[in-house]
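Two complexes are shown next, each including chain A; its partner changes from chain B in the first to chain C in the second.
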Partner chain A sequence: MPLPRSAVVVGGNRTPFAKAGGAYAAASNLDLLTAALDGLVARFGLAGRELDEVAAGAVLKHTRDFNLTREAVLSSALAPTTPAVDLQQACGTGLEAVVYIANKIALGQAEVGIGGGVDSASDAPIAVSEGLRRALLAANRAKTLPRRLQALAGIRPSHLAPVAPQVVEPRTGLSMGEHQARTGAAWGISRAAQDELAAVSHHNLAAAWSSGFFDDLVTPYLGVARDTILRPDTSVEKLAALKPVFGDTMTAGNSTALTDGAAAVLLAEQGWAEANGLPALARVVDAQVAAVDHPGGDDLLLAPAHAVARLLARQGMALGDFELYELHEAFASTVLATLKAWESAEFCSTRLGLSTPLGPIDTDRLNITGSSLATGHPFAATGARIVATAAKLLHERGGGARGLVSVCAAGGQGVVAILEAV
Partner chain B sequence: MDAEVELLPALPPPGPLLAKALVPSLDRGPTRVPTRTVLVTGVAQDRARLADYDRVCGFALRDRVPPTWLHVLTFGLHVHLLSGAGSTIRLAGAVHVTNRMRLHRPVDAGEILDVSVRVENLRPHKRGALLDMVGEVRVADELVWDGVSTYLAAGAKVPGTPEAVPREEFVPTPPIAIWRLPGNLGRDYRRVSEDPNPIHTSRIAARAVGFARPIAHGMWTHARLLAALDSRLPGAYVVEASFARPLLLPATVGAWWRPEPDGGWRAAVTTADGAKPYLVTRVS
Partner chain C sequence: MPGLIERAFYSRGGQAVAGRLGLPEPPVLRRGRVLPGEPVVRASLAGSMLAADTLELLGVVATSPLLDDGAELPTYPERIGAVVVDACGLREIGQLEGLRAVLRPAVRALAGSGRVVLLADAEVEGVEANAVRQALDGINRTVGKELRRGATANLVYVRPGTAAADLASTFSFLLEGRSAFVDGQSWTVGPAPALLSAAPAAAPGSDSPPLAGHIVVVTGAARGIGAQIATVAARDGATVVGVDMPAAGEALAALANRLHGTALQLDITAADAGERIAAHVATRYGADARIHGIVHNAGITRDKLLANTDAQRWAQVLEVNLAAELRINPVLLDGRPGGLAEGGRIVGIASTSGIAGNRGQANYAASKAGVVGLVGAEAPELAGRGITVNAVAPGFIETDMTAKIPFVQREVFRRTNSLGQGGQPVDVAETIGYFLDPASAGVSGQVVRVCGQNLVGQ
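Coming up: the complex of A and B.
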C-alpha cells in the first residue's frame, strides 16, 4: 500500500554514548535529550523554528519527567511553541518515535518533526520500598494525628532500603540476559560466534569513527567526543578471556553495557525538505511491531523475527532485498539467534507460517559501522541512533538502496522498519 | 594594563579569606582599595562543580557555561583583593548592589581560562562608598567575559559628591512563574559558589546584620533568572542586574521576563504578588 506522502530522514544527531557512571554521571535524561536536540537544531539551522512535533522517550524515567520531551524542547533552541510527546516502548522507543513522526508526515498531519530517545543508567530513579510507599500514602490520607501515627507505625526497618530499577521481566522474574541465555542455548549459539560478532562490532565502529563517518551524526557533550565503550583494540582472544555472566556463553564483552546517551532524528516531508534547503537521506518506507508470548515460553528477544516477516509480506519483499541490515545488538546472541531463526525452515514454517525460510543474509551488510555492543545502548536512544546511521549509509549507496532496521525490546516486543535511499 | 599585576598560582578559595574579611580593618586612615590586578592563568573548569552549580541554579547541563558561572570563578579574587592590608574595605561587610556582565562569545566548559579582577571607581555614596570589582576572563588573549560587580561599603569615607546607584527601571508586573525557595538554598549555593558568608546560611549571622532569616545569595537569584531564559539567550550578550532588596529564606517569589523590541529581555524576581522587586535585570 503506497503511503500518501514521503517522510524522509533529513539527518540525525546524538551525544557520544558513555558508560554509565562515567562522564555523564551528573547529566539527567532532560540534559541529555536537550543536548541531542540542540545539536540537531544547530546542524540544520533550526534555532527558533517551530516544528510540528517532537517525539521521544526514556525507559528509566523519573516521575517528575512525565513531560520529558516537552521539557527538553523548552530547554532547547527550538521555538517554545513546538509540541512534543513522550513515547515509551522499552528499547524500541527511539525507533517507534521515528515511526510515529514519519507516519504523521506521511498522513499530512505534520511536515517536519523529530523522533528520538534518551536514557541515563547513571541518573536512574531510586524508589522507596512498596511497604514504605504504602505507609506514607496511608499517613497522608489520615485525617487525625493518632491515625497518622498509626499509619507511620506500620513502617518496618526493612522498608527503608531504597529500590533501584531492575531490568527484569515482571512475569518471569528473569533478567533480559537470563532470558537471552535460554534463547542462545536453545538455538545453539556458540561463545566463539558471539565473541566474533562483538569484536566485529568494535572494529566496525572504530573504523567508522576513524573515517569521520560520525562527524555529522554526533555532537560532543560534556567533554566527550567519542563513544566511551568502544574498544578499538579488542579482539576475539581478549573477549574469550572474559567470564560468563549469563548462562555459559554470555559475557560482559558480548552483552551491551549500561550506557548514558541521547539520539534524535530530523524527519520531514520530502518536498518540505527540498523547499527548506534540507537534505533528504532516506525515505521511511514502512514499519511493523510484533510481540511474542514470552510468559508462554517464547524467546523474549526474537519478536523482530516475526515483525520482519510481516513487513516483508506486506511490501512484497524478500529478506535478501536489502543493501544494509541494522540489527540492534542487545546481546551478540540475540543477533545470532535472529539470523538462525530466519534460516530455520522449522521456525519460519511453524512460527511465521512461511512455506520457505526467509533465508540467510549477507553478513558483510550487517551493522557495518558497528552497533550497540561497541556503541553502547542507552535504551530509548538506540533506535534513533540506528535510523540516522542507516539513512546516511543508504544515501551514500545511492537512490533506491534499501535498509532493514530491527530493534528488540523488553516485554517480548520488536520494532522494525524499512528505509530507502533518496 | 600598566598597573601592578599580582599573579596567583590558583584561584583562592574564598572561605578562609572571607573569615579574615569579616574582621574589620583596624586602619583608621582614609578609605583605600588596592590598585593592583590579581590574575590567575591556566584555570581548568571543574566539570563536577559546574554540574552541581547548574543543578542548584536551574541551568541545563551544557558545554556552554552560564556567564554567572564565570562570575563565580572570579569571586575568590574579589575576596582576595578586599581582605588584604591594601584595603580598608572588607567584602564581607559590603553589599552587592548592581552587576553587569558581558559574554563576548559562548564559553565552553572545556576551555582553559585566565581570570583577573581589579578594583575600580571608588566613589562616594550617601551611606558610604561605592566600588566596582572588575573581572575579566580570557581564553588565550581573547576577552570572552567581563563583569562589573558594584558594592556599597557602608561607612567608608571618600571625598566628593555622593553618587546614587543607577537602578534598573521596575514596573509592578504579574509574575509568569512562582518559585518556592527552600530554607537550605543558601547551603546549596554556598557549596557550588564557595561563598561562605554566613548571612546566607545562619539565622544568627543574619540577625547580627539585621535580617530575621538568612538571605539568598544575590548571584543565585541572578543565575536562577538567567536559567529561566537560558534557551532564549544568544551566544553573546550583556546582562545588567540591580539587587533591589534582600530575599529572606525560605520564600515564595515571583518571576517574569519579557522580550524587548531590540531583541533583548527585561526580567525580574519579585515578591509573589509581583509588587516589589528583589532583582531587576536587563539583557541586551
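Coming up: the complex of A and C.
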C-alpha cells in the first residue's frame, strides 16, 4: 500500500557509545538523551525551532524519568513547545520511535520530528526490596505515629538489600545470553563463525571511524570522541582466546557489552525538508514488528526473521533486493542464526509459511560500518544508531538504493524496516 | 584560575606596590559598538572634506579643534573622546606643523579609551610627498605609544577615489570600542568595487545588523578566539556555520545552538574540506545559499626551537594554519552551490609572531607570515569579483592557551605594548567583524594587528 506522504531521514546524531561504568558512569539517561538531541539540533540548525514531536525511550528507566523524552527536550536547545513521547519496546525502542515519527509524517500528522533512544547501563535504577517497599508504603498510609512505627517495625534486615535490574526473561528465568546459547546450539552456529563476525564488526567500525564516516553522525560527549568498546586491533585469534560465558561458544567478545549512549534521528516530510533547505538521505518505506512464543520454546531473538518475511511479502520484495543489510548484533550468534533461518527451507516453510526459503544474503553488504558488537549496544539507542548509519550509506549509493534494518528485542520481539535512498 | 602570585599581584595591596614599581593597574578599555562619550574633534589640514563627510554619514557630530598656534597653549574645557585629523592633500614637510598644532592640545585632553584617527593619502607623487606620507606613520606610531588610559592612535591611508561611504565602516570601527586593542596601526582603504550584483549594504546607522541574512563560516569555532569570532558575527546578524575538529564537537554543538547556527565537524586538512563546507551550506540553507564570509581561524602551535623541530611538527603547523586555507579557498571560489558569494569576504589569522618572528615558533611564524603573503596575493586576484581578502594579526590575547604561560612571563607579554595589558578574544573578533561588514568592501589586502601596539615587529 503506498503511503500518502514520504517520511525521509534528514540525518542523525549520537553520542559516542561507552562501556558501562566508564566515561559516562555519572551521566543519566536524561543527560545522554539531551546530548544526542543537542548534537542533532546543532548539525541541522534547529536551535529554538519547534518540532512536531520527539519520540524516544529507555529500557533501563528510573521512576523519576516518567517523562524522560519531554524532559530531554526541555533541557535541549529545541523550542520548549516541542512535544515529546516516551516509547519503549526493549531493544527495538530506537527503531520503533523512528517508525512512530515516520508514520505520523506519512499520515500528515507531523511534518518534522525526532526518533531516538538512550540507555545507561551504568546509571541503572536499583530498586528496594518488595518487603521494604510495602513497609514504607504502609508507613506512609499510617495516620498516627504509633501505627507508622508499627509499620516500619515490619522491616527486616533482609529487606534492606537493594535489587538490581536483571536481564532475564520473566517468563523463562533465562538470561538473553542463555536463550541465545540454546538458539546457537540448535542452529549449529560455530565459535569460529561468531568470532569471525565479531572481528569483522570491529574492523568495519574502525575503518569507518578512520575515514571520517562518523564526522556527521556522532557528536563527542564528556570528552569521549569515539566509541570506547571498539578494538581496532582485535582479531579472530584474540577473540578465540576468550572463555565462553554463555553455552560453549558465546564469549564477551562475540556478545554485546553493557553500554551507555544515546542516538537520535531527524525525520521530515520530504517536501518539508526541501523547503527548509535540509537534506533527505533516505525514505522510510515500511516497517514491521513481530513476536515469537519463546515461553513455548521459540528462539527468543529470531522474531526479526518473521517480521522480515511479512515485510517482504507486503512490499513484494525479495531478500536479495537490498544494497545493504543492517542486522543488530545482539550476539554474533543471533545474526548468524537469523541468516541460517532465512536460508533454511524447513524454517521458511514451517515457521514462515513460505514455499521457498528467503535465501542467503551477500554478507559483503552486511553491517559494513560495523554494528553492535563493536559499537556497543545502549539498548534503546541502537535502532536510531542503525537508521542514521543506514540512511547515510544508502544516500552515498544513490537514489533508489534499498536497505533492510533489523533489530531483535527482549520478550521475543523484532522490529524491522526498509529504507530507500532519496 | 590565576595562581597565588598573580592573585596577590592583582589584589588592592599588590597593585599599590606594582604602581610604585612603575607597573600601574592597566586601564579598562571601552569595548563594543560604543562611540566615545565625550565630544569628537575634527581637523582638516589641507582642505580635504573626506573625514568630515564620513563623520556626517555616521551621524557623528564633530567640533573644531583648538590649535597650538600662539604663545599660550590652549586648553580644552573638558575631555574629548576623539580627534580625527584629515591629512589628505598634505604634501610638504612644513605642513606637518599643522598636525602638531592640532594634536598637542588634543592629546592632553583625550579621555580614557579616546581615539586619535589620522587620515592620509595612500598614493602620492614626489619625493617630499612620500616622505610626508611616511612621516605621518611615524607620528601615528609615536602618539600611540605616548597616549595613556587606554587611548589609541591609528592611521588610515585612502586610495584615490575613496568616498565617505567606503570609509564609513573603518571610521565607525576606529571610533567605537570595537577597536579597543588596535593601536599604532596603519592600513589602507580604497573605493569599493562597483558590483552589478552587490547586495545593498545596510545604511550606516540603520537598525538592521550589518550581517543580517549573511552566512559566515568560522573554522576552529569551538572555543577561544574562534568561539568569540562566531559570537560577534552572530551578534552582527550573521547565520554562523561553526567548523571544528570532530573531537571538539561537543563544545562546537553548544556554541552553534547558542548562536542558532549550525555545527560542521570537519578536519580542515582533509582533502575534501572545501567541498564539505560548501555541501554543508548547500544542504542546510538551500542550493542557492552562498557563504558571505569565511574566517580561517583554525590554528595550532607545535613550539620548539628550530634546532629541535622535526619534520612532523613543521608539517602539522603549516598544514593546519596555511595549506588548508590555500586548498579550501579555490574550492569555495569555483561558483559551486554553498561556495563563497560574489562580493564575499575571506579573513585569515596572521600573528605578530609571523610579522616579527618569535623564539621557538619557526613553524608557526612561517604559517602566519604565509597568511600575510596569501592576503597580499589573493586580494588583487579577487578584487574584480568584489571579494575582499584580509587578515588580523593578534598579539598577546588572553585565552586558555596563553593562560598556560607562566605568570611572570605572561605579565611581561601583557605589559610590552602601549595599552599595558593583554587583548581579549573579542578584540580579535571585532576586527574580523569589521572586515566581514558588507560596508567594508573597500578594505582588501590588509593585515591589521590587534596587539595593543606590541613592541615587536613593524
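Going forward, the second predicted complex is superposed on the first by the 422 of 422 C-alpha atoms of A that agree within 3 Å, B and C clash if a C-alpha of one lies under 4 Å from a C-alpha of the other, contacts with A are read in each partner's own complex, and residues count from 1 in each chain.
As a working rule, a residue touches a chain if its C-beta (ideal position, glycine included) is under 8 Å from a C-beta of that chain, and two chains touch if they have at least 3 such contacts.
These figures come from a predicted structure and were not determined experimentally.
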- [ ] Look at where chain B and chain C land on chain A after superposing the complexes, then choose clash or fit.
- [x] clash
Task: Contacts of A:Gly320 with chain B and chain C, given as first, second, both or neither - done: neither
- [ ] Considering only the touch criterion stated at the top, classify A:Ala77 as touching first (chain B), second (chain C), both, or neither.
- [x] both
TODO: Give the label of whichever partner, chain B or chain C, reaches more residues of chain A.
DONE: C
Open item on the list: Which partner chains sit in contact with A:Ala27 here, chain B, chain C, both or neither? Use first/second/both/neither.
Closed with: first
TODO: May I ask you to decide whether A:Tyr221 touches chain B, chain C, both, or neither, giving the answer as first, second, both or neither?
DONE: both
Open item on the list: In the overlaid three-chain picture, which partner chain does A:Gly39 touch, first (chain B) or second (chain C), both, or neither?
Closed with: second
Open item on the list: One more residue to check, A:Leu278. First (chain B), second (chain C), both or neither?
Closed with: second
Open item on the list: Pick the chain B stretch that clashes with chain C in the superposition, from 21-29, 93-101 or 111-119.
Closed with: 111-119
Task: Shared chain A surface residues [contacts with chain B and with chain C] - done: 35, 38, 77, 220-223
Task: Contact footprint of chain A on chain B as seen in their complex - done: 47-48, 51-52, 55, 60-63, 109-110, 230-232
Task: For the chain A and chain C complex, residues of the former touching the latter - done: 35, 38-39, 41-45, 47-48, 77, 212, 214-216, 218-223, 225, 277-279
Task: chain C residues within the chain A interface of the complex - done: 239, 246-250, 252-254, 256-267, 270, 283-286, 289
Task: Touch list for chain A against partner chain B, complex - done: 26-28, 30-31, 34-35, 38, 74-77, 80, 220-223
